[in-house]
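What follows is a pair of complexes built around subunit A, which joins subunit B in one and subunit C in the other.
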Partner chain A sequence: MNLNKSKSPPFVHKNARIAHKLVYFLIVGSQIGVGVLGFVRYIAKYVRQDSWIIVILGGLSIHIILWMMFKILNKHGGDLFNIHHQFFGKWLSLPLSSLFIFYYLVTGIVILRTYIEAVQNWMFPGIPIWTLSFFFVALTYYIVGKGFRVVTGIAYFCFVLTIWMTFTHYFPIRYGHFINLLPVLDFGLKDYFQAFKVMVLSFLGIEYLFAYYPYLENPKKAQKWAHIGAATTTGIYMLTTLSTLMYFSPKQLQGLTWPTLQEWKIVTLPILERFEYVGIAFFAIVVLINLAIALWTSSRGINRIFDIKQRIAIIPLSILLFATPVFFTTRFKVDELNNIIGKFGFYLLYAYIPLLFIISLLKKGEKT
Partner chain B sequence: MRFFNTGKSIKSNPLAQENENKALDQNILWQEIGMSDWISGFIESLIDQERFNKEVLCFIQKNQSLKCKELYEQLPFSNKHYKKDPDKQTINSMVLQGCVALKKRSSKEMIFVHVEKAPNLRPISVPEVEFSVIGPKEAFNENLETNLVLIQKRLPTSALQIEFIEIGQRTKTKVAILYLKDIANETNVKTLKERLAGIDYDHILDSSYLIQMIEDNKMSLFPQLIDSERPDRIAASLIEGKVAFLTQGSPHGVYGPVSIVEFFAAFDDYFVTWHISSLFRIMRMFAVLFSIFATPLYVSVITYHPELIPDDLLSTLTTSRTDIPFPPVLEALFLELTIELLREAGARLPTKVGQTIGIVGGIVIGTASVQAGLTSNVLLIIVALSALASFTTPVYRMSNAIRIVRFPMIILSQFWGLLSMTLGLMFIITHLLGLTSLNRPYLAPIYPPRLSDWKDSFVRLPFYVQKNRPDQLKVQEKKKISWWKKRDIDEFE
Partner chain C sequence: MKKFLSLLVCLLLTACNTEKEVLDDITMVRSFGFDKYPKKNHINGTIIYPIYIDEQTFKMRDLSAAGETAKEVRAELNEMVSKPLFVGKLNTVLFSQEIAKEGIMETLDMLQRDPGVGRAIYLAITKESTKEILTIDNNLANHDGNFYSSLIKQNENYSNLPHLNFHTFLYAYFSDCMDPILPYLSHRNNSVKIKGLALFKKDKMVGTLGEEDLLAFKTLYQNLNEGSYQFSSQKYKGNLEILKSRIHYTILAKPHHRVILNVNVKGRLTEYTKVNAGKPNVIKGIERNIEKELNREGYKLIGKFQKLNIDPIGIGEHVRSRTRAFDHKGWNKNYSGLDIKVKYQVKITESGISQ
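Right after this comes the complex of A and B.
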């Protein structure tokens, strides 16, 4: 074990790198998770018809954070673990980086458990948690074992195979009422702030960039595509929010756990009577890419800090990923887990990254 | 010491040399040449007796007095070799190639002259696997020289490089590697050459042996190199910048690197207009998807999600399934296996009997099983259609792979319906993403997304649009054409 490995910037073979444009799919793939099926309810709890404003604000703030991240990474090179080492030294960087690894893994657990919750509620009520979790983790293990290019490929396919689902919002918007969006700006600042805090959970995902940045072929050019990716996410959330707000009345909305799934109920096609089953099944792809990125980044972190081979590191991590969801047996616990990770993510994005940014402004960049 | 017909020498595998049977010279027939002190040695079945008599013997008869070296110099043959003091092993291997060994009784010097019998071969015939309605109707046969000629005729350019190597300790199969020097990527050529040279196996009887030995992922179900019996297809792939090889004794040329979409492109597509060929290609892609997912979809929808079916269709489905005693998954597996059996039986039997079996079996078993109430007729239609769809894939290896993929998908769909089917789909995609063909990505124009390569993948756009060679191959010379200039309105030459 060589604890000093993160001192040097990572070396990535040119065959393992990905074209800079593909960062778009990684950003979209890692940001959009199961949250999109139900996040509107949480924001609408505080600001009701003004939820869409929060989505826009959240999206804009993400752009600022993303910009900061690229500034830090471009200046100091390498990845987060290397930057921690540069900023805080060996012994302080160790717990910090470990915390990040833990966080990356937990994001995976959260999304997996939340998805299983949705499956249990909508498709197979009696399904044991561990069976689904086993299949998902096995597949994730297979993906991550094939390397980062394949992870990116899955992100790409995830985008291609699921982007058409945004068009299903046509149905609720057609049957919805525009009047539901009025009046605009009807709440106090405190409510907006509360809603904003809740919203952040859905926007999480850009922080993985800290780990895979060295894998980009041309990081400076990638920034543009990352921003376009973040904008796409905001667009998709915006559409979801608008359709949900228009279709449901605020009171009705609070009674639903998965508003988007509820909306899908009215989607009818000549060859398809009920869409939500197809929708949930296809969401497995979205879950899969989130899991893959989470497992990849956390194992990569272990590789970078403790100098353990990534192929070995993914074994205990996947066992954790497989076993942990089993312990969150009730809806309440799942919600709790989501809240905790949401709060952590909020402080990570809006406190820790700006802090790193300020330190990086003060520090001299290391040329690599 | 071994030589190709062109006269180039072959570096022998050291192991093979060791294993060479040293007692074999009993097969060599040593004869005196009348009225002289020359003797000749050969294996009767390998050489052309008539040519030997007429050309070699007559020449020696006339020039009896010449010394060995002088005779060698004067012999009117291009493919001849002179050895001062050959050991037994050399003599053996030379004679086994179809040479005649000539020697003066008094000296140890030897001359070897190639007078091998022209092998009695199948004539060049019409392609059977990759038949096309329009276009050339030549197919490779089993002779390497003939096959090379078929390609060289199409590519009369000095850039065409042909390199020979010999693989297989015992069969000593000659393999010709072909590429265009000014186009093909050197790394690709090197990869193929190294992989072929690295094979150490005792027998190579067909190019499919080699394909399986040099594929990137040998555990994969999906073929990673294309074999074709059409010389025009091989020539076209060489021009694209690919590397090909031909094997002695095999009527199939092999080329790579390939991407998965090429397996769904018939060479026919280039002979018809681009609209039609594009339509066919898209149809084939849908056929593949249908063939893999139709039956699993039926199983999962009937088993778990009957809510998905629209009202009108539901009544049709329920009436067809009311009396079926089995769960959908068993029903589907039963029918799929029946179809596979029919196909296998048809493939093993001679053509005419095979057709009869197919028709009789298909109609009789299908109708009977529906009437007996073992299967629903809706499923029968689906299974028959998906079997039919799997045969539209032009490359035989690929259509095999697709037929096999269906079975795990059916079993998987029994788990949690659509959900496990999605997971299965993602497993296939992950597997394909990880595959490479001669170290180039297998899913190439799809991922990594290279939009410029899409012109000749799912669709085939007109020739003038395809200005460049595919990005995937990283060729040396990208441009394919430069003559096309679009005419302005009312502008004439």
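Right after this comes the complex of A and C.
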């Protein structure tokens, strides 16, 4: 094991890199997860009709964080693991980077378990957790084993296959009540802050960029596309929030676990009486790309820090990804897991990345 | 390794079969009815479902059972059929007015929790027992099990019944300042007739609205593009077909002392007992008359709601949307004494194809 690997910036062969525009799909794919099925309830708990303001604020803050990330990465060249090494030295960077690897993997576990919960509640009440988790992890393993270009391809694939679901918001908005969005700004600052904190969980996903940055062919040009990606996510969340707020009365919304799935219950097409089953099934694709990116970044981290071949690192990580969901058996536990990762992500984005940014301002950049 | 994996995945896929949901092997409940049962705290449930004779033809059958809760009724019914009950294609749920007066949320909760039940299904209250309604003439009118839902749906789309379904009921039920309403049906001449609306306070039925009030109510409840209004005076009778009706609220003397509901109605005459309806001043006169009549009816409706202390139109919700730091408890307390006015503005654009 060579712990000094992350000392040097990563080298990625030209053929293994991806075109800068494709970062758009990676950003959208990693940001949008199962959270979109239920996040509105959590924000609306604090600020009811003003939830959409929080979505906009969250989206804007994400742009700032993304900008900071690109600044750091552009200046110091390389990935998070290399930056840790440069900033904190070999031994201090080790636990920090390991924490990141752990975090990347746990985001995958959260997504997988939350999705399985939705499937158990809506489609197959008795299905054992491990069957679905096995199916997903096997597929993820297959994708990630093929390398980052394939992961990117899947991200594109997922985007194209699922973006049409945005249009289903037409139905709840048609049956909705506009007065549910009024009056604007009717809460205290504290409520907005609380809501903002819960909102962040849904916007997590840009931090994967720290790991796959070296794979971008033209990082400076990619920044624009990353921002467009983050804006797309905000747009989709905005639409979800507006339709959910308009369609449900506030107390009704608080009684629902997955408001977006409940919204789909009103979608009736001539050939399809019940849309939510199609919706859940298609969401498997959204989950898949989240898992693939999470597994890839965590295995990449192991490769970078411990100098273990990524192909080998995937195996134990996949097993962890497969086995851990089984231990979260109840709704309560799944919720708690989501809360913990949300809190961690909040401090990661709004405290740790700015901290890195400040350090990077003080440090000299890489000579290229 | 890859081949092995893909093989495993295939095996796994075949393992998650759902064979019990094949159409021929389930009892597909189309309508559910709930009545009071003579025994204390018991309810009687009636379902109708199709039985297939051969591949193309089927007959509707009905079945009843009693139990303490809706879930128990369902279990009882399940014990009486050869194929398991599924509510995925449920399209109407009926409640008799006796049971509705005691509250229906407990029963609806079973349906609300079941992921198989849609939100676009129809709920309705029946004057007679639902068993009586559901068992009339199943073979002709209700040959496909869609009769009750189609009845309500077409009246919502082409006539004076407001747009109501399971979702709107839950929406109003969970609202702070709004009360649910449901269509009110009754048995008539071997068929079912929409008699008006059942009014609710929370989940308990507290009154009804006659069919003659439906149009005035619908214009106050929602924006609409269809409906017809029968008007009359000592001199003439007539019918106004509504082409467009839009409502907006004026809230005066904050905090919420006076509310004015402005309704703009556009329509055309389809019946008029005096022939000379072509002259502009005659049309004007008719417009004023209809306005006066609608104002009176709207006022009467609001008065009735205030007396019952219910708010099916959701006036409170509109006031909330215009008031900062709205106090809904205070509003609900003062509601019945508030000054709420209705102001119609009618415009007749055409008078049919004859002058």
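Quick note on the criterion: the second predicted complex is superposed on the first by the 367 of 368 C-alpha atoms of A that agree within 3 Å, B and C clash if a C-alpha of one lies under 4 Å from a C-alpha of the other, contacts with A are read in each partner's own complex, and residues count from 1 in each chain.
Simple rule for what comes next: a residue touches a chain if its C-beta (ideal position, glycine included) is under 8 Å from a C-beta of that chain, and two chains touch if they have at least 3 such contacts.
Since we're looking at a predicted model, the values are computed, not measured.
Chemist: Report for A:22: first if it touches subunit B alone, second if subunit C alone, otherwise both or neither.
Modeler: In the superposition, A:22 touches subunit B alone.
Chemist: Output check: A:255 vs subunit B and subunit C. Expected answer is one of first, second, both, neither. What do you get?
Modeler: second
Chemist: Identify the partner contact of A:273: answer first if only subunit B is touched, second if only subunit C is, both if each is, neither if none is.
Modeler: A:273 contacts both subunit B and subunit C.
Chemist: Look at A:157 in the shared chain and tell me whether it touches subunit B only, subunit C only, both, or neither; answer first, second, both or neither.
Modeler: The answer is first: A:157 touches subunit B but not subunit C.
Chemist: Once the structures are superposed on A, label A:67 by its partner contacts, choosing first (subunit B), second (subunit C), both or neither.
Modeler: A:67 contacts neither subunit B nor subunit C.
Chemist: Going by the contact rule set out at the top, does A:136 touch subunit B (first), subunit C (second), both, or neither?
Modeler: A:136 contacts subunit B only, not subunit C.
Chemist: Just to be sure I read the superposition right, which of the two partners does A:102 touch: subunit B = first, subunit C = second, or both, or neither?
Modeler: neither
Chemist: I'd like to know which partner A:265 touches here: subunit B for first, subunit C for second, both or neither.
Modeler: second
Chemist: Residue overlap on subunit A between the subunit B contact set and the subunit C contact set?
Modeler: Correct list for subunit A: 123-124, 127, 135, 139, 142, 268, 273-274.
Chemist: In the complex of these two chains, what residues of subunit C are touching subunit A?
Modeler: Going by the criterion above, the answer is residues 2, 5, 8-9, 12-13, 15-16, 18, 88-89, 115, 118-120, 167, 170-176, 178, 317-318, 320-326.
Chemist: Under the touch definition given earlier, write down the residues of subunit A that touch subunit B in their complex.
Modeler: Residue positions touching the partner: 18-19, 21-22, 119, 123-124, 127, 132, 135-136, 139, 142-143, 146-147, 149-150, 153-154, 156-157, 268, 270-274, 277-278, 280-282, 284-285, 288.
Chemist: Under the stated contact criterion, what part of subunit B meets subunit A in this complex?
Modeler: 304-305, 307-311, 313, 416-423, 426-427, 429-430, 433-434, 443, 447-449
Chemist: Would you mind writing out the residues of subunit A in touch with subunit C in their complex?
Modeler: 121-124, 127, 131, 134-135, 138-139, 141-142, 175, 177, 179-183, 186, 247-252, 255, 262, 265-266, 268, 273-274, 276
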